[in-house]
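Read from first to last, the chains carry the letters A, B, C and D; within each, the first residue is number 1.
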């Protein structure tokens, strides 16, 4: 069987790594894109030209199956203390990267009869809380983009999914940042990766556009 | 390994049958409840006492793993031509049955450390269209119930899922009712059953409360 | 100018009284319907026949302008301690009364070229919280009904509004029930009545179907 | 009584003009900001420094009462034919302008005990349709911003409103752009302006955060 390629944008962190592992175990050729970190392809996906180059360089013998966009820039600050440049930068890193990746991936996937794009959202994609105006505004924007793409390109075989990750993802970083985090109240990266695997492979008769995910007993 | 029981309410029709088949293939003891039809346990789940009797009669050696509530009463009529009795009956058959089943299942599941309840919603659960006031009002009510149960009983290990089935489910009945229905624009029961299987077995670190499902290119 | 009639369903309590006062001051003939209380027309609006009788008895010389449906049955209890009869009764008092009133009002209003129906929702119409499953399920159902009616009868001149009253309404009863209630954190009935007046009189070029209302600084 | 100032951002077009007229008639000193057009203050509100200068130049003897942000850049194009620069530009003109204006207005309004910010959304703020990915993504972002500001600054007396303008606004431009537009199926600017006036003056006991507005019989 032909090996297929999956591109994972925002591949650092526990979830990015777990998704890579799951898809490699499932036989995919994984291209893990991040702005830094060993073992990643370093591309700034907020740059349309760099993104185009990345896709142009894909090995045509391993056709692209889809993209998982997981570029997350957690940002929390009082609105009046958030620089307009920060607003823009948060939007560029979470939303514009999704635009660029989708513009490269969709034409490729269309020529092969379809494929899947998964965009990772958060609690803030549905509810904007105090001190999260930049983050939530960008996550709302990403959700609108994903929804629009699902409606515009669904009939061409492009399956667009938006996940609402409503809770902490367990990792060393999480433990450092949130001292009160508990593993049994957090989402385990390998469990999330399994859901992404399932979504990515939904048959065309049953496509999910949006679903929420949270740990047992997570308040919401 | 101990055999577990799953109860499927509203088990007639293509989806009900496919869910039964999937869970039987997965090793469950399936109790298929419907008001009529060969091979089903006949109980009127809108009757609290009959529902209690059903659950009291479960074989304790095969502990209950959960319930899939799929009781659907499609109803379409102009609002001014819908009898108040019909409104009430649609509500009883789709919402009150869910109340009764949940009140019996949750205490049982709690004693075993948890379990899963899946309620099937529809496009009309999110958008009330003309001529669907009775149907949508009952489906909105079911969604509110499912969401409340998820929040009230989640920390006790009760995973409550609400699915939005946004499209036609392929079956003989569908073909008769909607002459324009096409299989490639419909949801295949066995594909849906697989999603229900996945949801039912989500690990406690990654629970979905709500997801939508529609065929490729379905307009929404 | 011809005097017009407005019917207020669920007219007891501070908000019901304030709406009555506002519309009387504005020149309307007000029919205040409640199941009890001095100065009210006593009709059980969950009874379709009694509701029909009420509307048949309206004075044709004062044509109906619309209905404000404010029938609220606050209900809070653990799901497992809520009798199925209570679930049904909460639904009947908040949702079925709305069905009955709308079925009588819409044909009358159509013959006059239009009119307005306002249904009062609550925080629980959008979010089902623990211990509010019966209340929220019925409020979700009311919202679905209102939305369906807006879509089905809008082009006939029937303006259907659903308000989300997201907070405490200040009254003697509120003070007794919630000892921590503060007037400056509550909604004042006369202020709400003014909003209802504005909504009721929106010109046909700018109709609101749904809006939320909460006191300054109310958390949500 | 002291004259107060209102700033209208995105003041060109029929709605901008009608809002100006309504507030002038109500006794306000109106500052109409637009990037071009006679009779407007010309400021590029996507430029934080230019926006700060504008606010610094306000006449302190006429304290600011609030801002109506109506900056709308209608944009419709196939996703794959939308330049990333266009995505960014649509976001800057509709969302970043709102950020800049809010960052200047909120500190001023706080010192005076409060004030009102109204942001104009559209149908695309809730539903992203095909060929509207850039527009909807920016409108989703604006909605998230408005919601976050409402929660973060509400208790300080800052009333933040987000309107969903779900339909065509009647104007010469509308007639030219949509040949099938009909006045009786469109929203009349003076009617909308009256709603904005009402929202701007809601007492602190009854604040609306979001409402939709559409012409009678508008499909949605």
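Here, contacts are C-beta pairs under 8 Å (C-beta built on N, C-alpha and C of every residue); 3 or more make two chains touch, one makes a residue touch a chain.
Computed from a predicted model, the values in this text were never measured in an experiment.
**Q** Just tell me the minimum hop count from chain A to chain C, counting one hop per pair of touching chains.
**A** 2
**Q** Same or different for chain A and chain B, when you check if over half of the residue numbers at their contact belong to both copies?
**A** same
**Q** Specify the chain most distant from chain D by Cα centroid.
**A** B
**Q** How big is the gap, in whole Å, between where the Cα atoms of chain A centre and where those of chain D centre?
**A** Computed from C-alpha means, the inter-chain centre distance equals 31 Å.
**Q** For chain B and chain D, what's the span in angstrom between their mean Cα positions?
**A** Their C-alpha centroids are separated by 43 Å.
**Q** So which bits of chain C are touching at least two other chains?
**A** Expected reply: 151.
**Q** By the document's touch rule, what are all the touching chain pairs in this structure?
**A** Result for touching pairs of chains: A-B, A-D, B-C, C-D.
**Q** So in the complex, which bits of chain B are touching chain C?
**A** Touch list, chain B to chain C: 48, 78-80, 84, 87-88, 91-92, 95-96, 99-100, 102-103, 106-107, 124, 127-133, 136-145, 147-149, 151-153.
**Q** What does chain A use to touch chain B in their complex?
**A** Of all residues in chain A, those touching chain B are 114, 151, 154-157, 159, 170, 184, 186-188, 191-192, 194-195, 198, 202-220.
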